[in-house]
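Two complexes, one shared chain (subunit A), two partners (subunit B, subunit C).
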Partner chain A sequence: MSASKSFLAQDDKITSSQAALVLNNTMLGAGILTLPRSVSETVKTPDSWLSVLLGGLVVMLVVILMVKLSLRFPGKTVYQYTQIVIGRYPGILWCLLLVLYYIAIAGFEIRAMSEVTMFYLLEGTPIWAITIPFIWVGAYLVRGGINAIARVGQIIFPISLFILIVSYLLSLRLFHLDNLRPVLGNGIFPVIQGLKSTVLVYSGCEVVMTLVAKLEQPKQALKAMLVGISIPAGIYFITIIMVIGGLSVDSAVTSTWPTIDLIRSFEVTGFLFERFEFPLMVIWLMQMFCNYSSFFYHSSLGVSQLFNLPYKSVIFALVPVIFLATMVPKNINEVFMLGDDIGYFSILLFILFPVTLTLVALIRSKGGPQHEKS
Partner chain B sequence: MLSSIKSHIPGWSVFFQALITLVVPLLIYRIYKALTSLADDKLVSSGGADSSDEEPTHPISASYDANIDEIRNTIGINSDVVIRELTMGDAKVRAALIFVKGMQEDQLLKMEIMRMLRDTEPDHPLPIIERLPTNAAHTISTMEELTKAVLFGYLALMIDGRDEGFLINPPSGPARDITEPVSESLLRGSRIGFTEDINVNTAMLRKQGVTENLQVRSFMVGHTIQKELAILYLDQIVNPDLLREVTGRIEKIKLDFAAESGYIEQMIEDNYLSPFQQTQNTERPDRVIAALLEGRIAILLDGTPFALIVPVTFSMLLQSPEDYFERWMPGSLLRILRFLAAFIALMAPSLYISFISFHPGLIPTELALTIIETRQGVPFPALIEVLILEIAIEILREAGIRLPKPIGPAMGIVGGLVIGEAAVKAGIVSPFLVIVVAVTAISSFSIPMYSAGITLRLLRFVAMLFASILGMFGTILFFLLICCHLSKLKSFGVPYLTPLTPFRWSDWKDFFVRVPIFMMKRRPKLMKTMQNKRR
Partner chain C sequence: MRSLKFLALLLAVAILITQSGCWSSNEIEDLAVYAGMALDTGEESPEEKTFEQEGGSYSKQNKITATVQIVPLKTGSKDEVKGKTSPYTNITGTGDSILEIFRQFSLRLNKPIIGHHLKIIVISSQLLQQRNIKQVTNFMLRDNDIRPSVKIFLSSGKALEALTIKTPDEVPSFYINDVVQNQFRTSKIMDAVLLTDLDAMMHSKQSFILQNIIQAKKHIEFSGAGIIKGDTGRWIGNLTQEDVECIDWLTNQGDSGTIKTYDEQGNPITYEMKAMKTRIRVESDQDNQLTFQVHVETKGRISEDWDMEGNPALRSYQKEIEKLFKSKLTSMIEHLLSAMQNRYKVDVAKFCQAVRIQKPGLWKEVKSNWDEAFSASKINLDIDLQITDFGSTTK
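Right after this comes the complex of A and B.
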């Protein structure tokens, strides 16, 4: 029907709190279920929480760099300004890499989600029956643009946070401080080594480079993005403390989904649910949904801006691509291998990409104040 | 390297599934597009045709006979049209009063007018319109206007030698008394409800208190049969953009006849494919005034006691005026209770299905055992079991509306008890399900807006389908789908889920919790009102 343009006219912009939330939702994905295992595998000491904190700090620095870079090109997303900085074709090539990376993460997240679902909720259900409807609902959301994604995130994230905190509080009865000792027993080296596996859980923070362009008030960009990155960093930190403290390093390494196992390992009698893994699963499915939609959005936006295609048609075109990306790993071990590969790949994109772009932009003096005027 | 890539290329079945993944949304999108373009047709194409063929107008001539003949030929064939001819004064000037029986109840007025006309001399210094003993009279010059007005209920006067007619006294047909609103009764609060007469309704709103800012603007809607429609708003509070949008949409309405404000609602809503209502309907003047004070706009239609309020947000559908009349703590409690009830009304049966048929392990073991024990004799899957009882309850509820008042409640109780008890005894459903369905039904009654309750009833069945296919996962998907839809939906430019999202902390004062009135100092931000402070 007639669109109401006049009242509350909005081009697809988001407030800074919404942007922080989208960034947060983009990072809080499957990571929280596997993080304690993947980090502990490399660190092998109870110091993995230090790796997570350190990783968060490194990522924050990179995010600051990305925000500064994006602010040089107001209103332009990474897909648009890369072409200005390093030329049309190299720019397209580089951004395509980014799009592929987003699609791979989206596929990975959906796959992880369906593996969890098949393991705990729907045993024996074919995997396509779980992934396809999930992708469809996501496509419906992504059609609404960044605003719709931010709003759904705003509904779901408080619920997730609440349930998560309640679950962790209840798991305090299993918590033994001894499991977290000794601190730095093997020196700082394992912590540094663990950094590369913590990076995976922060992968996705590249979306900062598109989110800044969508802000209503770009001046608050840095603050919003730092808030957006601190929330997941804090949640990861608490998760790893609770899981390692509750399960000890040895059992965290052997379990596939250590966080769920922690919540499964105690019962609350006399309550509606005796075990809390059920509410945790429910909210985590919803959180994964937000997470995957964000990647879906950013990849469709990328394709549409790189090739000047209509955004809404790109979504349809990407639906089967994401499905194929989901189906590529043959079993759960390959899913985790893919996750690790994404992590390494993200180091490349994360550090190399913004640093080189900033350097080139500075050398060729593209963007910045003079760009704003022209 | 190459071989490992090769081994990861999925099989044909996966590519086929990918194709399905693509085709289904495309199909749905095509259907959706086709359906929305239907709505555009309804608004635009039917508009162009009828403006061109305007009928030729007949001016009222100076000849009395010609005029009366004309009237007799056009509307005189109606048995309820009365043409009362009389002569004026000593000069024997002929005149006629024309009216429709039953539309002019005021006998005294007619007598007075006739006495005045009889005594009038043609050369009286004052014009006749000033001497008519009534407060409403004006002249008209075309025959069409005159006949239309007479049929609408005006009293018309024609005098020989004048090429104009007089319309006296607007219609005062039979009207219903003002009664308590049936669909929104309250324990505490005014007992007044709108009636079918638009003038009485606007008067009721004016009587709510003295203000210069309450503005009423009239429109005529309908092509074959016209009806009066009024937009009410508080000047200096309402956002002018919103006002322009609402008037724009109302002017665009192409309708044969607007029987009820539901017609208007369906013509001006944003998205006709959404199950959620995008205007609020109410019988309560206090509700309308409260909405106007928040910067909203009310639409009143003649002939219906239901006013429309736009724009509407989801939280409004779960609010009741009583929340404000009672002290803030019970008010807040009841409101939170209603949110809970809405959730139960929407989700309870689907949760039952997903727990019973997919994940009995997720509920406490003793409870699961008890339920499964009682379900032992039930031959159906959970979905069919729930459907049987849900449909029975819905039929019972629908029938309950039509039952004569004295036996209605009795039938409801007896029907419910008998169906529940007997169905359990007969082994069709389990007793636990009877509890679930009963709680669901009661919850859906606790929603203050009847139309919002219908929406939840409708969606409940969709949720049950999702749950029966994919269990808990399906239920979550359904919830996500509703969230996605609601966060995309807008009512007259206002996001449907505000203040939940877009998040406006200041508007949360009147959301789950109704904070004390002295703390609600500002009008809702989402309405972008001209005057922000409440006092």
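Right after this comes the complex of A and C.
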């Protein structure tokens, strides 16, 4: 294990398909369970699927910008090149925001996971009994670096995707196309308004700025990252179509966990399972685990690179911090509010990191070809 | 070093085996699983009255009576299920909170009741005359055990009696649940309204119908549908069986349907629908006066004809009969339309969908008082009925 020598193993690189998968896993988490409600609440018409697609496009533009920025500093993560671009101390300050954001999302994902598990699956189990093992096992995975996370993702994602698709296909019996009509009945305005809440479900795509540094072949970075963002966009799109088509906008808005409620709204007699919410939830737990691990990894990496601390010690130091982040919301309303706040924070980070940083880098001509020479 | 590693491994395995498990698991044999629920107006049952005389009471108002049908999960000894014991137990409680009534059952039962396997809820229309449907189903919508796939029915009589019907070796709840499957035989059975549909319809405040169940001498029949008015959530009346059939004709949902009419001599003839297609076009003038153009297209066969002389194989004869069926279907639909527009003043045949989809701008204006706008609208019927087949005999 050469990884134990330094905080960052030199050979801890991933292939472009692994990078795409990590990006995908970083976005696909608990959001899918509440997405139809949160988007429908703002859109209020069946056009929410358009918002999700449009939101995906907007985020893709941001991702392109992030990739371009990262490629100016080959092999360097955002934590390292921010310090080059805007100076050491301001850089650390900016990146701390990013680290905080990752920790908040990691905590939020675990909390949302435990809320839905406690409600439907393990009623009566105390919250710490669900979250603490999750955090510990995550710490163990994160210890292995990005490679381990990517490989676990490679195993889990096909399974969770399969179960999700099977559940959706079975829900077709409830599907009514009329629920999705009319298209653009109230014009384009509601769709634009919905963008606000759809951008939130893509929060976490900031990890692009570290993933690019981990690529074996940085030339494929753009392609890999765009693939990585298209998969969740596609899954979100299918989710909206199935849930709104199956339950109608009115039911999606009133339901706390609309995606689960869609699966709970039918029974399949004579199939392997009669009820699909249980396999879906159990499998999706693994997906949420990958999701959380990715954020855990990125925050640990951030702290260790910002303060030159040993990576593995940072992981253990962050375990209680993440647990605290998980326990901050007092009730389910605060969990959902935290989710919204994270979304708004991500918009701030969009502006701060890719946009401002690129501009400053261009003005001060940091990075790029000259940087490689020096 | 090696032995230490081995010890650690052993410890890990030991912990894994002994410490893992379900935190709050319950053996299914120790639970009272209920499959059906009936909601009636608050009237205490004789047992309850006796209990109260004995001092068994708590602070409550008798607003609602809830009955659950508990299905035993006895595996193994078959003769116990056969014959002697009835395959279910019903327990009834009265109060003003369904959850509280259910918790009160724990004082009377040896097992906790659990709603994971609830299939049907029967609500008496009398209860819905007094209370908003939103109030009485609120608990079911919030509860995490009860699934949104539960089917909702109305009962003209006492709902709890629907759960005591005589069925051969079967639990009444499952029996009622299965009747819905006969929908492919008759369109008098409407699409079951699930809890999740109910949630959506109550949220959008539209009026809707629920399948009505009537009873006679411990037997049930699905008959017509009860209308729930959207803004008040109250039951306001029933549609007849034929009205329910026509709703299928109007909403383009029927897989099955027959039309029976009489020829000039009074002989019954019956048409069996094989295919149908209904289109509703919405037109409106400046004053938002709506006109619906309903176009029904159907093809089918003559399945029964008591007329001795006529020859169903002849096209001319078929044409004559087509006219009869057409006028019968028209009068059936008109009966439904007049019930909706004049008598109850509600739209339960999803005309609102047509407006919502075809005229979204207009829909925003009329949405808030849709039932009135619908009642004032004009509906033009256009039926295209074709006999394509006369069965396996020509005469």
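Note that in this section the second predicted complex is superposed on the first by the 362 of 374 C-alpha atoms of A that agree within 3 Å, B and C clash if a C-alpha of one lies under 4 Å from a C-alpha of the other, contacts with A are read in each partner's own complex, and residues count from 1 in each chain.
Please note the rule applied: a residue touches a chain if its C-beta (ideal position, glycine included) is under 8 Å from a C-beta of that chain, and two chains touch if they have at least 3 such contacts.
What you are looking at is a predicted structure, and each value in this text was computed from that prediction instead of being measured.
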{"item": "Subunit B versus subunit C as contact partner of A:319, first or second or both or neither", "value": "first"}
{"item": "Subunit B versus subunit C as contact partner of A:181, first or second or both or neither", "value": "second"}
{"item": "Between subunit B and subunit C, more extensive residue contact with subunit A", "value": "B"}
{"item": "Contacts of A:248 with subunit B and subunit C, given as first, second, both or neither", "value": "second"}
{"item": "First, second, both or neither for A:266, with subunit B first and subunit C second", "value": "second"}
{"item": "Partner chain(s) touched by A:137 [first = subunit B, second = subunit C, both, neither]", "value": "first"}
{"item": "First (subunit B), second (subunit C), both or neither touched by A:192", "value": "neither"}
{"item": "Touched partner set for A:169, first subunit B, second subunit C, both or neither", "value": "neither"}
{"item": "Touching partner for A:129 - first (subunit B), second (subunit C), both, neither", "value": "both"}
{"item": "Subunit A residues contacted in one complex by subunit B, in the other by subunit C", "value": "122, 125, 129, 275"}
{"item": "Contacting residues of subunit B [partner subunit A, same complex]", "value": "7-8, 10, 14-15, 17-22, 24-26, 29, 36, 39-40, 43, 239, 241-242, 244-245, 248-249, 252, 269-272, 358-359, 362-365, 470-474, 476-477, 479-481, 483-485, 487-488, 490, 492-495, 497, 500-503, 528"}
{"item": "Interface residues, subunit A side, partner subunit C - complex", "value": "45, 119-120, 122-126, 129, 178, 181-182, 185-186, 247-248, 250-251, 253-255, 261, 264-267, 275"}
{"item": "Of all residues in subunit C, those that touch subunit A in their complex", "value": "22-24, 144, 147-149, 194-197, 199-201, 203-204, 353, 356-358, 360-361, 363-364"}
{"item": "Subunit B partner contacts - residues on subunit A that touch it in the complex", "value": "1-2, 4, 6-9, 15, 17-18, 117, 121-122, 125, 128-130, 132-137, 139-141, 144, 148, 150-152, 154-156, 272-275, 278, 281-282, 285-286, 289, 316-317, 319-320, 323-324, 327-330"}
